[in-house]
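The following blocks contain the structures, represented as structure tokens.
The two complexes that follow have subunit A in common; it is paired with subunit B in the first and with subunit C in the second.
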Partner chain A sequence: MGRGVVLRSTLHAVATILFVVLFNFFLFRVVPGDPVTRIARAEGLSLEQRDALAAEYGIDKPVLAQLPGYIASTLTLDFGNSFGSGRPVTQEIGERVGKTALLVGVSTVGSIVIGLLLGVYGAWKRGSAFDTGSMTTSLLLYSVPEGWLSLVLLMVFGSMLGIFPIGGYRSTSTLTGIAYVTDVLNHLVLPALALTLAYVGQYAIIMRSSLLDVMGEEYLDVARAKGVREENVLWRHAVPNAVLPIFTLIFYSFGYIVGGAVVVESIFSWPGLGNLTYKAIASQDFPVLQAAFLLTSSSVIIFNLAADLLYSYLDPRVRR
Partner chain B sequence: MESEHTTGLVAPTARKLSRIRRRKAFLASWRSFRRDRIGMTALVVLVFFVAVALLAPLLADASELSEATAQGRPFSPPSSRYPLGTDEFGRSVLALMIWGSRISLLVGLLATVGAMTIGSTVGIVGGYTGGASDSLLNAVTNWFLVIPWIPLAIVLAASLSPGLVTISLVIAITSWASTARLVRAQVLSVKERMFVERSRALGAEHWHVMTRHILPNVFPIILANTVLMIAVAILSETTLAILGLGDPNSISWGTIIQGAFAQGAITIGAWWYLLPPGIAIAVVVLAFMLVGNSLDEVVNPRLRGR
Partner chain C sequence: MNLKTLGAMVAVIGLALSIATSATAQSPTASAAPVTLTVGTEYDLFTSNPLRVCACGNEYEFLGLNYNMLLRFSPDDLTAAPELATEIPTKENGGISEDGLTWTFNIRDDVTWHDGTPLTAEDIAWSFTYFVENRVGAYAGYLPDDPTFEAPDPTTLVWNMTVPTSAPLAPAWAPVLPKHVWEGFDDIKVAKEYENVPAVGSGPFQLVEWEKDQFYRFEANEDYWNGAPQIDEVIFRVFENEETKVLALRQGEIDFVDTVSPALFESLQDQENIATHRAVAAGFTSLSFNFGGQGPQASNHPALQDVVVRRAIAHAIDKEELVERVRAGYATPGTTIVAPLSPFHYEPTEDEFINFDLAEANRLLDDAGYADTDDDGVREMPGGGDPLVFDTVVIPTVESSVPSGRVISQWVSQIGISMELRPVSEDKYYDLWRSGDFDAYIWGWTPDPDPNFILSIFTTDECLSWSDGCFTDPEYDEMYEAQQRAESLEERKEIVNEAQQFVYDEVPEIVLFYSNTLQAYRTDTFEGYIVAPDPDGWLLFQYGADSYLTVHPVSDEALGPRGTGSISTMVWLAIAGGIAAVFVALVLFRRARIKREE
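Right after this comes the complex of A and B.
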């Protein structure tokens, strides 16, 4: 992999993140009825209190004069204090980021692995009952709003059948060791299932269509003529060539799962970043909203950068 | 442009000729679409839902939506009086569903019109002009493609005052980029064709070329994409409504789900309150996607016969 590709992709990712920072900056200040005015009105603050609040968030100066200070504090990860709890935003986020990573990690791996397997077997047995069934299910899952799917799972398996807990990430704070792990996993099942189901359909659909494109290729016949077993024709020859063109597509959809986590965490009260965001919406907690937006966007951008680099390493045609 | 009279024959104007040609092309496409059984079935489903939305005042009295004058008992299961039961105020869920279809479809449509307008404009201008403006527009498009849409929609919606227009605008802003990319790619190929060069050679302005030559040629692709985009927009409205970012003053299928979530329908197992809006959304979204796919096959020669 050439150094040029790495450098160019990295610079591009940094520029994209910088643009998120700028976007945040202008959104907070240019939109009519800035948050400070709104809070001041809602809480009935006096003019002096209002100005103090404006000074605290650094928006008492002309807009462009605020920019350097804003960028400096963003780069040092200083997002101010949460309007809701009064604690530093960085601290609020730090406590939750691990829980979101767990949920999103499990769901991403789950939906990609299951989706690709469904797509592969569907395409390989094109027109079979399995193919029809898995494609219908995939289309339906794709059409269903993830929030509603979460609520249905919660109602059926949480409230009605009582198999899984109806929210949170642990029962009590006293558990340790194996008991703690099983307790958390028990709480993880429904949210992870909701997030996996919500995104498994799209992977199945794109994998199936990509594999169908490859299946008419002559090199598969060549492999068969060489005496390669049908199973190996599929997994060693067809699948790798079908995965490459959709490789970046697969990794780029990570952004959807991160977004979907906001909805799923809100419904299952999973105490991650998404749930923090959800509560911040109701209380108009802009420092939290902006930091969460910056963090989720940056993680998606970095994830995509990793995908680009990995792709240019995997595909010999762009490895230069 | 007035038609000129020459030797008793009416010479058709250029505009009239192109109108006749487009009419023919449209009819041919329609015949081809009609043969697609899945697409036609989905279209019938859509016509049904649009009819329900338009006829809402005849199907359910608007007074049934009032929280204050609701007649039923809160959270009562389906009965002959309330086929889909009642909500926390004792309102008929069926009436909410019928009226909610209006807002869900309206927001889907408004957001799509917005997304299509931004996406087509950016795609056509960028693809046609090329150079620095294309690079800039392309960079902006890519930025919107990469940023996760839900967090972006949240910061936008939370900064603006809530309402139908706001929610449509937020969805449009977060979803135009894929259209821009699609249209730009198509424009890049159309602008190299002979008729564009000929029109330029005859002295046509860029504006004329873009609106009279490029736009009609990329329009079929835009149309198929529009139908798919409505599906995405309806799903987006639902997601934002569930997060509490919907229009607080109107009832959509999304806000019905949000109501079921916020008012404890889940805990008491009021399935009649939660299930209908989600099923309706899934059916409508699926129907829009199937119609969009069938349209895509009709207008996109590369997909034909697959």
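Right after this comes the complex of A and C.
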């Protein structure tokens, strides 16, 4: 793969990130109100205390005058302290990244693996009861609101059957080692299940239609004529070609892992980045928003870049 | 290697695994587990630093558990009662000087901080001075008019006032902080960054762990001067929504839930091992009017400057019906701004009472000249000016705001007034409030038991600070000052009553209703909750740590850890082992099949 391609793609990615950083600046400030008025009203600050707070937050200057400071601080990764909690933004986000990655990561992998398998077998046994059944179920799950799905799972497995805990990522007992891992695992099951089920349909459908496209190709008949076993025709010839276009979707999904899952995190009280970002938007906590948006954007862009490069490496037709 | 050998290997591995897991399996011994009261709440702590406290999260519950006050709220009627001070100073007992400017408090000598250091009057003097000098928002208001504080000896605190005020009897809602912990910071900015976990205080419990958005844990103070608690820990578990919170209560993962909505409250009635409690609230929902005063950009309607129009609107609201429709009956129709919970509440007389009377409302408007000249159902200003169309802001995330708005706008349409509802986010609301770009809005207040705060929001000075719509009236401002300077409780009560009457008559805002706070708890885990204030108050989240000191387990059987789920380590390892075994078997089976076919 030419070095030119790598360089060009990378520069493109960096430029996109910079554009996103600039765009975010205006995006945050487009929402009505400002963080100080809210605090002033809640704490009954006098006008002079209000102005002092605005100066401290750096929002007393006109919007465009705040831009250089914003760019400088973003590029040096100096995000300051959250307006809400007063703690360093890097700490707020750092505490949650792992938990988000765990929940959304496990769910994404789950959705992809199960979804792709369903799609493959659905296409291969097209028209069968399995095909119709799996497509209907996964579409149904995809269209159902995540919040509702989460509550149903909670009610059935948490409340009625009492197998899994209701909410949180850990229990309140102080546990260490294996016991801690088990505790988190127990808490992870329901939210991960909810998130996995919600997105299985996405991959199942795309994989199925992609494989159906490939199944009509002549080279499969050639392989069969050569005596290749049916299951190898499927797994060694058809699927690799069918999965190529889905690649981008898969990498895209990985990129969004750090974005979190607001609804599921909320219902299960899972302390993730989705929740943090949502609250930061509601209270206009600029420092947190700055960092969180940068994190998600960079992650998506970088994974996209990886997908681009890997794609051109894997697909012989694109390689030059 | 053939299938049989591999099969044997898998079996051996599986056996070894189950032996290993049963060896490492640990079941927590019931007797070692602490006795923990678990409370479910939707509010995390906003901060664990007393200097940053606002009423944003559950900080006041934290303060009540972790710290003591100079004088506390009496659990009977919320007036001042002794806490760190052994008695209320009066002129008779020599606690208050003749000129009313020097108050002397006798301080207990048996109080220690959580780290063992004795608490003395010096801590109190230092704390209050710190709050005043640094104008700590939440507390400075209770220490008005630039007082100074001295501790001539460890059990004597002197409060020197510049003007006589009854502020100490509010009581001053400020926690006493340990001087030795807080005096070392360079300035308040640095002090505000101090994490303060564990929080060193003098209260019956100590905050020892705070996992943000998950839970905060308090440990009992065995050496508490007012008697050790009968439980070992209190844990507040944070839930993002109330459905999950209630599910956890039903499942037995938590013991208590605060503030459920009427619908969920009803679903908890007659449930096994669950009891419910309906408390009168400390606050109210209100319809507030805008009087301009925020600046030249304010866009308030001139008709609202006329008290006749405001009174007419008040006559057009059927508060009993409103309570039924908006709160399913779980509220009390509103009257005056000082809620019935407070000992200072004034109930209007029959003559003063503004009853629901559409005919009267119409008559008032007709007589004042607000006629509907163009016959479109909406009256205009006298002489045919602007129609009485009021831009009314409602906030969907504020309880009852939008439904109240809908119901009220229907009523006022029958007296020729059009209330145009504008639903906005909380942030947009702050924007509009600051610029004065509204005619009315529906929100509410949860004030202190002491009326000083809620009276203050109608003063001229509070415009763009605490005031809703910048109402201003010099006569009212004088009344507010006078009740602060009152020399005796009786005198103050009289003035506070007058102030409430004034607000009720002048209608800068209409108190719609006092919502009930709905709580629920399990009866099979803990008992001993007391209602404070008696008899209409709450079981927890009171003005003080009352219930936490009386609550105890129902039986001697320990509760054990909760909320861990029932899949133990053993089972997880077995599942993992099982999956691995299945996978291995499939691979082997496939290989064997390929071999056979060749």
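In the analysis below, the second predicted complex is superposed on the first by the 283 of 320 C-alpha atoms of A that agree within 3 Å, B and C clash if a C-alpha of one lies under 4 Å from a C-alpha of the other, contacts with A are read in each partner's own complex, and residues count from 1 in each chain.
Note that contacts are C-beta pairs under 8 Å (C-beta built on N, C-alpha and C of every residue); 3 or more make two chains touch, one makes a residue touch a chain.
Since the structure is predicted, the reported quantities are computational estimates derived from the model, not experimental observations.
By the document's definition of touching, of the two partners only subunit B reaches A:Trp148; subunit C does not.
When the two structures are aligned on the shared chain, A:Leu27 is found in touch with subunit B, with no touch to subunit C. In the superposed model, A:Ser266 lies in contact with both subunit B and subunit C. Using the contact criterion defined above for the overlaid structures, shared-chain residue A:Thr296 touches subunit B, although it does not reach subunit C. In the superposition on chain A, A:Ala129 makes contact with neither subunit B nor subunit C.
Of the two partner chains, subunit B is the only one that A:Leu140 touches; subunit C does not reach it. In the overlay built on the shared chain, the residue A:Arg170 is in contact with subunit C alone; subunit B does not reach it. When the two complexes are overlaid on their common chain A, residue A:Ser159 makes contact with subunit B and with subunit C alike. In the superposed model, A:Leu75 makes contact with neither subunit B nor subunit C. Overlap of the subunit B and subunit C contact sets on subunit A: residues 31, 33, 151, 154-155, 158-159, 166, 266-267, 282, 284.
Against subunit B, the residues of subunit A that register as touching in their complex are 16, 19-20, 24, 27-28, 31, 33, 35, 139-140, 142-149, 151-152, 154-155, 158-160, 166, 252, 255-256, 258-260, 262-263, 266-267, 277-278, 280-282, 284, 286, 289-290, 292-293, 296-297, 300-301, 304.
The touching residues of subunit A, counted against subunit C in their complex, run 31-34, 37-47, 49, 84-86, 95, 151, 154-155, 158-159, 162-173, 178-179, 181-183, 185-187, 189, 265-269, 271, 275, 282-284.
The residues of subunit C lying in touch with subunit A in their complex are 24, 26, 28, 33, 36, 38, 46-47, 49, 52, 54-56, 135, 137-138, 141, 192-193, 211-215, 217, 235, 237-241, 243-244, 247-248, 250-251, 253, 425-431, 433-434, 462, 464-466, 561-569, 572. Only residues 142-143, 146-152, 154-156, 158-161, 231, 235, 238-239, 242-245, 254, 257, 260-261, 265-269, 271, 274-275, 277-278, 281-283, 285-286, 289 of subunit B touch subunit A when the two sit together in their complex.
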